[in-house]
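When the chains are written out, they are named A, B, C, D, E, F, G and H in that same order, and each has its own residue count from 1.
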Amino acid sequence: MKRVAILMGSESDRAVMEAAIPYLEHFQVPYEVHVMSAHRTPDRVIQFATTARDQGFRILIAGAGMAAHLAGALKAHSSLPVIGVPLPGGVADGLDALLSTVQMPKGVPVATMSVGKAGAINAAVLAVEILSLEDDTLQERLEDFRRKGAKL
Amino acid sequence: MKRVAILMGSESDRAVMEAAIPYLEHFQVPYEVHVMSAHRTPDRVIQFATTARDQGFRILIAGAGMAAHLAGALKAHSSLPVIGVPLPGGVADGLDALLSTVQMPKGVPVATMSVGKAGAINAAVLAVEILSLEDDTLQERLEDFRRKGAKL
Amino acid sequence: MKRVAILMGSESDRAVMEAAIPYLEHFQVPYEVHVMSAHRTPDRVIQFATTARDQGFRILIAGAGMAAHLAGALKAHSSLPVIGVPLPGGVADGLDALLSTVQMPKGVPVATMSVGKAGAINAAVLAVEILSLEDDTLQERLEDFRRKGAKL
Amino acid sequence: MKRVAILMGSESDRAVMEAAIPYLEHFQVPYEVHVMSAHRTPDRVIQFATTARDQGFRILIAGAGMAAHLAGALKAHSSLPVIGVPLPGGVADGLDALLSTVQMPKGVPVATMSVGKAGAINAAVLAVEILSLEDDTLQERLEDFRRKGAKL
Amino acid sequence: MKRVAILMGSESDRAVMEAAIPYLEHFQVPYEVHVMSAHRTPDRVIQFATTARDQGFRILIAGAGMAAHLAGALKAHSSLPVIGVPLPGGVADGLDALLSTVQMPKGVPVATMSVGKAGAINAAVLAVEILSLEDDTLQERLEDFRRKGAKL
Amino acid sequence: MKRVAILMGSESDRAVMEAAIPYLEHFQVPYEVHVMSAHRTPDRVIQFATTARDQGFRILIAGAGMAAHLAGALKAHSSLPVIGVPLPGGVADGLDALLSTVQMPKGVPVATMSVGKAGAINAAVLAVEILSLEDDTLQERLEDFRRKGAKL
Amino acid sequence: MKRVAILMGSESDRAVMEAAIPYLEHFQVPYEVHVMSAHRTPDRVIQFATTARDQGFRILIAGAGMAAHLAGALKAHSSLPVIGVPLPGGVADGLDALLSTVQMPKGVPVATMSVGKAGAINAAVLAVEILSLEDDTLQERLEDFRRKGAKL
Amino acid sequence: MKRVAILMGSESDRAVMEAAIPYLEHFQVPYEVHVMSAHRTPDRVIQFATTARDQGFRILIAGAGMAAHLAGALKAHSSLPVIGVPLPGGVADGLDALLSTVQMPKGVPVATMSVGKAGAINAAVLAVEILSLEDDTLQERLEDFRRKGAKL
């Protein structure tokens, strides 16, 4: 059963965000990948966010650049933990997306990662850390991963 | 009949955003003021944006700080011109909100003003400029305002 | 009859600013393109700005980099809505031009877009949104464009 | 039984970090607060991090300013989810601490919040969201909190 | 006969820009002070710039904040040396005005000083240095000023 | 007789700084070019600065990157007008050199240009503007240059 | 006997950090190079730092990028002088690592160099300067190096 | 016999730089404090730097703001280790002075501390660390200081 959703605002974000996949597969965590835009296809975002928990998802990972509203839009419509991955491409080359992603109002947090591929990878690892809190098998894989230098 | 809506994410933004009001009143442009949050009360934002044109609004002015998603959320749900006013308060003291507001994806523009009260005032003046394109009385008031130094 | 003017400070800005053209043509909005510099050919700028409304223009789109005074110079001499597109090339690679463009004094607004081609495209879409306020055909094209994902 | 640890580098950080407490208490999540420095008392940090899971902790929240190494030092020694809260006070007034906190190497994520009190509050809410994944009572409280505007 | 003009965009800039005056008076260089805005009263700026040399001026000092177009607008209309003093007040607290002032196109330089009062003072000293190139009395005063630590 | 010195901290700056030369030659202003470093060969800098006026120089143009002390070191030892050209190459890619160059203490100004080649060119044009104050032939060439669009 | 240790967080930092080696060899200062990560292999860092003085080391040079905790982690566990070299690669391309490296708490300094290869070279020269305080032969080599322009 | 010199560009820097004194006195390291400016009194700086080693100094600590050339000017004229303390006050409130101080050319390092009082304190502690390399009594005091939390 799928546990983690990887979402992104545009097809052009796919190469960066899919850096998360080998990590999820290493830990054998089932996932789905979807493209949807907070500004161009807002109804899809709302639909996904409001049904995600019932579909079995436990963690939503969202990557977006520039105004970078996707993670926040998901958080507005879901109480699941949302992990935000800022993407480069704006005038401040990712620092803008970082500030848009991390500076959420009180009460509606987005767990923010660093910009780009390293952020996508760490979003996967954080998702594993969260899921491992109640999953001893996953926790063993995590400790093993860390003992080997936290690399695949 | 109301033409301009002034929207803001939080009651604490009111003092800044209401700097627009004397300008709208000087030009005799009817307006409404509402508080609604893209993250805390997203359903109100969607409801407002999707019905705004039918309610008679022609221009939406939105002020928000930090992640500053309000203007973008309105634009996602309305084809009316949206004017964004970035507000100070984030770690980069308004520059963050400016970048969140202005860096919209292609096809969904937000007309962005400067940060804070000067931005709220100029949002009002831009709204008047837009409405005056088809309103000779308003255009005369605008030319008169400019002849006198563009000040109240 | 022409409605939108696309202005830029230098021939080297043309490739970026002309990204607006397919959008204006998609919406069948007539336009003109001119090169003029606020610092090298200031008299041409004043001449254009002061006669633009009588020539039939409704919206002025101005792209400039570095000190980026062109949009502001047009606004100083015209009451038409001015949309500013900051261009990269300065020491802060467009952030400088963004701040020069957006931070206008009270009473003389420039509707600012994001830096570069995305900004030029959104300037065109904002111009269409403004013109569609009193043009039902244009508004239908706009709603259709948005339903299809706000892309050409 | 305690579930969340709130850690900070210096007594002077306490006023900011304790903004998290009313939120943890609202959700009835047991917590502890400790002061320890990655640079002045590194042995205490290592001792705490390596024993935290066995002590019953599920989430570590760490606040630090300037070089802001505390969250990263905890992450180096624990596989529990670590939430980092950047604090103001450095030359870039929190942006420096944000970049030090969020830019972790691949494989060792820190879930980063915004700078200062809003970040401390959101660290608490994120901790609740994580714990609620396997706790229906907590999830009900969370949905209730969100229905009421995500405020205390 | 007046040699130096001190110009500023708004009455609110006067306190900063008048820091230049004691230095001009120390060196016995005649000056005038005027307020005029590149955006609100552009015709006054053009009128002043195009007649400045014939009025006897040799150096134009211009202070402005935010978009900071005044120095550039003067330079567009005069071949006299223009010294720009960026003023604080924008979102980047003077760094924005500095970049707007200094980043002029090729061929139309503005000699830029640091932000605020120190910049106004140094504008006066630079004006003296320029005038002293052909004025031995002024040069003696300048050398004397420097021998005494370059302070009044 | 030489009037303008073009100085730079390193041979690697030569390609940028020599962009000034065609402009000085167009205006028939004699110049010299020298490489000397404020940190590696400080005695040469002091020797040059203290004798420059007696050698006939009227304007010193100095280009430097990173800490960018050359213009300031010359100003410390000469009362001639010093024009500073910040060069790219530091961590902030020229913005650092700009701030090092422009932020001189009160009483010891450096007339600062924009970063890189455009700054070197404008340093030459500013030098011409200064020299033309007492040279009618040069002033005629300057007006002619401006009438033709301020370009070579 | 080895005197200087060059440490770095990752193999990918080696090309930059080894720019220090020709300088140490020119001055005939014995050194070692090691890769160890404050986050992935923290126990190695602690082991190295706590035994470095007894192994004969006098200066520790540490290069790291992004969160850049390595120099600080060494300083937490050793009273030897630690020289930090910030490396590019983060969202602010080295400025982030610079701020993480330099902004240490009171009492635990890291002597910070500029970003990248120039910083690695200067770390070597600073190490030589420190060691030469009690080594006349080394001091003579240093004075000779400086007389020849401070270059190899 | 004096070992450490604390130098600063202006009397107004004294309050910040003297934060170093209690630390030097705690470790019983003799010091002197002098005010001298790289730009206003350059001859005093050269005189001090060229004679410092023969006067018995082993470490030069220099604090300066804005263009912040003092540490670099000392380094240009002395082979002793120079520690730079950037001071706030410029347009980037110390970040500018940090970049001016740290970005020295290859071969002429300045050991840079953080901005302001914390930097002045850490300059003193680094000086002690360097002097303790050949002074067992001082090293014992240093270890004792660190065992007690690296605080006075």
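A few comments on the model shown:
We adopt the following convention: contacts are C-beta pairs under 8 Å (C-beta built on N, C-alpha and C of every residue); 3 or more make two chains touch, one makes a residue touch a chain.
Given the structure is predicted, the values throughout are model-derived calculations rather than measurements.
Common partners of subunit A and subunit F, by the touch rule above, are C, G. Looking for a copy of the A-G interface in E-F, A-C or A-D, one arrives at A-C, which has over half of the same contact pairs by residue number.
With each centre defined as the average position of its C-alpha atoms, the distance from subunit A to subunit E rounds to 52 Å.
With centres defined as mean CA coordinates, subunit H is found 19 Å away from subunit G. Subunit A has residues 37, 39-40, 66, 90-92, 98, 102-105, 107-108, 114, 118, 149-151 in contact with two or more other chains. You'll find the chains touch as A-B, A-C, A-D, A-G, B-C, B-D, B-E, C-E, C-F, D-G, D-H, E-F, E-H, F-G, F-H, G-H.
Partner subunit A is touched in their complex by these residues of subunit B: 9-10, 37-40, 42, 46, 66-69, 72-73, 75-77, 90-92, 96, 99-105, 107-108. By the touch criterion given at the top, residues 37, 39-41, 66, 90-92 of subunit F touch subunit G in their complex.
On subunit D, the positions that touch subunit A within their shared complex are 58, 79-81, 83, 98, 102-109, 111-114, 118, 121-123, 125-126, 129-130, 132-134, 139, 142-143, 145-146, 149-151. Those residues of subunit D whose C-beta lies close enough to touch subunit B in the complex are 88, 93-95, 98, 114-115, 118, 149-151.
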